[in-house]
Amino acid sequence: MEVESVADLVARYEQACGSSIPQAAYDFIAGGSGEEISQQEAVGAWRNFRLRPHVLRNVEDVDTSTTALGTPLRAPVIAAPIAYHSVAHSDGEIETARGVSAAGSLMIVPTRASTPLADIARALGGPWWFQVYFVRDRELTRRIVADAVELGATALVLTGDTPYVGQKRRGQLPPIAPEHYLVNFGKYMQPDAEFMYATSQDPTVILDAVQWLRDVSGLPVIVKGLLRGDDAAACVEAGAAGVIVSNHGGRQLDRAVPAVSALAEVVAAVGDRGEVFVDGGVRSGIDVLIALSLGARAVMLGRPVLWALGAEGAPGVERVLRGLRDELSHAMALAGVNRTANIDRSLVR
Amino acid sequence: MEVESVADLVARYEQACGSSIPQAAYDFIAGGSGEEISQQEAVGAWRNFRLRPHVLRNVEDVDTSTTALGTPLRAPVIAAPIAYHSVAHSDGEIETARGVSAAGSLMIVPTRASTPLADIARALGGPWWFQVYFVRDRELTRRIVADAVELGATALVLTGDTPYVGQKRRGQLPPIAPEHYLVNFGKYMQPDAEFMYATSQDPTVILDAVQWLRDVSGLPVIVKGLLRGDDAAACVEAGAAGVIVSNHGGRQLDRAVPAVSALAEVVAAVGDRGEVFVDGGVRSGIDVLIALSLGARAVMLGRPVLWALGAEGAPGVERVLRGLRDELSHAMALAGVNRTANIDRSLVR
Amino acid sequence: MEVESVADLVARYEQACGSSIPQAAYDFIAGGSGEEISQQEAVGAWRNFRLRPHVLRNVEDVDTSTTALGTPLRAPVIAAPIAYHSVAHSDGEIETARGVSAAGSLMIVPTRASTPLADIARALGGPWWFQVYFVRDRELTRRIVADAVELGATALVLTGDTPYVGQKRRGQLPPIAPEHYLVNFGKYMQPDAEFMYATSQDPTVILDAVQWLRDVSGLPVIVKGLLRGDDAAACVEAGAAGVIVSNHGGRQLDRAVPAVSALAEVVAAVGDRGEVFVDGGVRSGIDVLIALSLGARAVMLGRPVLWALGAEGAPGVERVLRGLRDELSHAMALAGVNRTANIDRSLVR
Amino acid sequence: MEVESVADLVARYEQACGSSIPQAAYDFIAGGSGEEISQQEAVGAWRNFRLRPHVLRNVEDVDTSTTALGTPLRAPVIAAPIAYHSVAHSDGEIETARGVSAAGSLMIVPTRASTPLADIARALGGPWWFQVYFVRDRELTRRIVADAVELGATALVLTGDTPYVGQKRRGQLPPIAPEHYLVNFGKYMQPDAEFMYATSQDPTVILDAVQWLRDVSGLPVIVKGLLRGDDAAACVEAGAAGVIVSNHGGRQLDRAVPAVSALAEVVAAVGDRGEVFVDGGVRSGIDVLIALSLGARAVMLGRPVLWALGAEGAPGVERVLRGLRDELSHAMALAGVNRTANIDRSLVR
């Protein structure tokens, strides 16, 4: 009686997507920028760490729960913001939301969602965060943030690493039907040439955007895409409640350092001034344990969510998220720690 | 006229088991937990060390003998505790004991033996150690320890890294006949549901178990499964006579550091307060020389014993153990050391 | 809609040359000296660096321009001196010059050009530099330098790493028609045995050649082929305006360090006393960004120019040079720097 | 017109031996001890070093000559002591001697030669060194040393790493005809059982053997087989004129450090109290340059001599030795050094 690991499960889901969704959709999800060096090394980067477990600790009662910006989490695993879930499933983010909700996890809903925010929020039925891309038209940006606030978003994630979209070797544009493209801006503008410009990334956004977002939303803001301690410090000094260490799944600057390798530096720079998250390459409960040992509050999952979504819909998403919680619980027991708060830096080498 | 190395011999034995014992039995022995990363890197971890032999030393008379907790050993090589030898041979631990005895080595008899302790002790005919798993029913634990003491065990090995059994990719349960399952508890209870719970691992065991074992047995106790200096120090301070550095053959927390890479840290932490042993991946006399150079008192052999047992029974076990002694003797001569006590840290790099 | 990276483009050009130009010509371009270790590791050496991009910087207006010895460059990418472009294209350096000129880049015209300097200079139609080999006949050297000055060269590049031509595994002599061999010396001598000696490399050239070149030309001189800080310091102290860190594309001393790995040492040794350039293995805008982060003023391109020349002539050369500029611009934006002057050491790890 | 490198030449010779000499002979030469880890990594260990050549040095006149214990050498390349050259060629060491002599190199004639010392000495026709194994019968040892002295040996090489012959995976005994076995002892004893014991390695030999050899021979003595600075210092303090850093071609203690990786430590320990040589894995003039940069006086060649001997006899041996001299000369020129005395530590990294 074998227990399938999450890593194996995700690999199986990815393979299933390889045959069930269009090749262009598969490539859009799988691909990285440039020579895909960062994309390829993300998973392996976690495997380079080794653990130093404790023995003879009472681990009958292991609890994986934690909080993220005050939101309670059953496990430190969050669905990362990903554009256009419709590439993997016809119900897009709504179906993802069903799976996340069933798993009791937290979803970061993207600006570039392919389904209406209201429907996603309804499917989630609990707290959620909203990821913000500043588009050229600042008023559009303000409106979509206001929509998210009204629909119950409890925090904003400002993506900082995408002044332009990284050049992808396998194709640049999301292979989705026009009616799914930037649907949440669509109610404010016609999809014409002006719309294309108005909704493209604004490359002039700088650090003061953090305060602007706080002002227009009244919500805590975290910045996503950091790989340096100095940038992280600047973010919390500019009012951010935390940061997400990420190289955008290897989709922005190729050869950017793996997120996990920048984690300790960022954690040290932020100190107790904010919460630090990390994404990119997480595939197992042991990866989550490593992330927490290095000081992360929680990890975020990108491609695994889409592969699960494409292969099995909401039940697949739930299975991946629950699987990680189970694996983390097991790994914590074998490492001799029964609370996430007891995980410390000495566990990893 | 070629001399087969122990590494080649063990590889041949493993291959033989691949065809002679059931696949499930093979997998149970070979498998590791999680993605089997720790399992796969164990053997190679020894090969990363390089030796700095001495020249022009008188090595006509090389003596590999030593002691372990006072027990004289012809060579610093001990049969590690392994559950359910019946997966490899119909006579199980009894057959192993015949081979260990013939080689003049020491056997650590497991709690989860698949044959009666009395028969194993008789086959050994000399000093032996008993490995202790704390099961949920503390009274059962006390009784089996008392049985071991009465049957002549001279030391106890408390396994500290198994509050739960690690999740194995290739299957979790030992593929053995019911009559071999926990046979040494069977005389105290019927094999019903209550029995399954009562004999499962007790995840609440903490450091004071060392003193408890000393009290109930009057024997010295060593703790197995350590990979950290701080844990090792805590063990000897809690009354342990020594520790076994081990990642449980890659069968508990995957990605735990290779035992050999934690050895020097543990040796430094223990100092002269106890004896340090190591297991995991040892396949040659040179590996043994490296272990001793890093401060180990002796090494322990796991899978190689089972492969030998499955392929040739007791004569196979004897051959592996004698082979390691011969290789160690040869390696000591070529390294310019004629006594195990003369092996020092400067021999390895 | 895929965007072909320069690395892929150059690989495709090289492959095309593999079928379109003679095998001996292909080997002459591709080959390295000795066991080709330095040749093989050049491209990979850049890939070992990882980037630490900034976020939330205004990068709407990215400018890749810079200057090299005062010459304005649209991007920090220069066509390195390469002997005998006729191996790749019937119009040789003239065709290269057309491509370089179209791209608005700078070409370093080689002493061992296979076409007349006057024709190359005309095709360039703007500033260019001349690469100097000291041949046995110093008067010939003086004359060819004078020709270059008269034809508008604005700087001299003294190649310092070629007292003899490195032994190539794949063949030593350029597979070109006699009329292309050292054509620019041909007007001063008949191609007889004396000519062969007179035009062979002068292995007695030492550091005072820098001042000699300055005196006879009135131009700034940079030294090419350095891999050590002490040599670089000696060059600027001897009057050089800068240096080019290079192992000659792995064509001189095999197992010489990769140029990029010597770059930081040379930059530190030169300080603000001169400009530092680098060549060898550059294949992408990210490589250029790394070079600039490590302190280079610009990179130089060798084989990629010849592969482009052989595959598509001037348009191919232009495409590679423009492609690198575009990739650098994109990489700068994603790294959060909008001016080459803002690129600093902290960007790379 | 390609120039075959010595590395390629030796590889070709080895391949030729693979078909022209008996398999057992091939295996005896090629094989290493244990798992052949040291044997396999010897050649690659040199390739890990990288060079930092100088530029703009006058290298018209490059001179590779040096001395070894006062013996002039045209290049710092010596034929290492190797047992039983008859495995590769019917004339054994005599044929080797012809090749060494033709190349103007130096040969270290082995105790375990398969042809009479007198014939070897005659074929050499110049200075030579004698390698000494202490056999169980000390008087036999004294006699064979006395023979060597009488026949003109000018130095002795005491092999210190062979108290016993290392266990070889591919077979232990030299596959030679009985009349070639220890021929130089044969004149003193009948080849009976007593002879076998008397001529076996003496594992009791210690450091005072150095002085004993000096006393009985009046010649300088160097010790071969060192891999540690402390051992090297002890040797020169015991009267040795130098040492040879070697792991015996991976034929003694497997996993002993590669000779080149121990070289700098030994050079530092010996200082100016003796000369340091190195063998194991040298295949190119660049290897020789690296050895000299690390402080070696000269390198020694083992298997390449036998492969050349087996493939082409004396002309092959000469070709390998001359080839290394030519490659060293070329490498020195490209590294900017024209005398072996000018080669320093800064050339390698």
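Think of it as A, B, C and D in the order they're written, each chain with its own count starting at 1.
The rule is short, and it goes like this: a contact is a pair of C-beta atoms (placed from the backbone, for glycine too) under 8 Å apart; a residue touches a chain by one contact, two chains touch by 3 or more.
Quick caveat, the model's predicted, so the values are computed rather than measured.
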item: Taking each chain's C-alpha mean as its centre, the one farthest from chain A; value: D
item: Copies chain B and chain D touch via same or different residues, half shared test; value: different
item: Distance from the mean Cα position of chain D to that of chain A, given in whole angstrom; value: 62
item: Whole-Å gap between the CA centroids of chain A and chain C; value: 44
item: Graph class of chain-chain contacts, one of line, ring, star, complete, other; value: ring
item: Pairs of chains, among all present, that meet the touch criterion; value: A-B, A-C, B-D, C-D
item: For the chain A and chain B complex, residues of the former touching the latter; value: 1-3, 5, 7-8, 47, 49-60, 284, 286, 327, 330-331, 333-336, 346, 349
item: Contact set on chain D toward chain B in their complex; value: 34-35, 37, 160-161, 163-164, 166-173, 203-207, 209, 223, 225-228, 230-231, 235, 252-258, 261-262
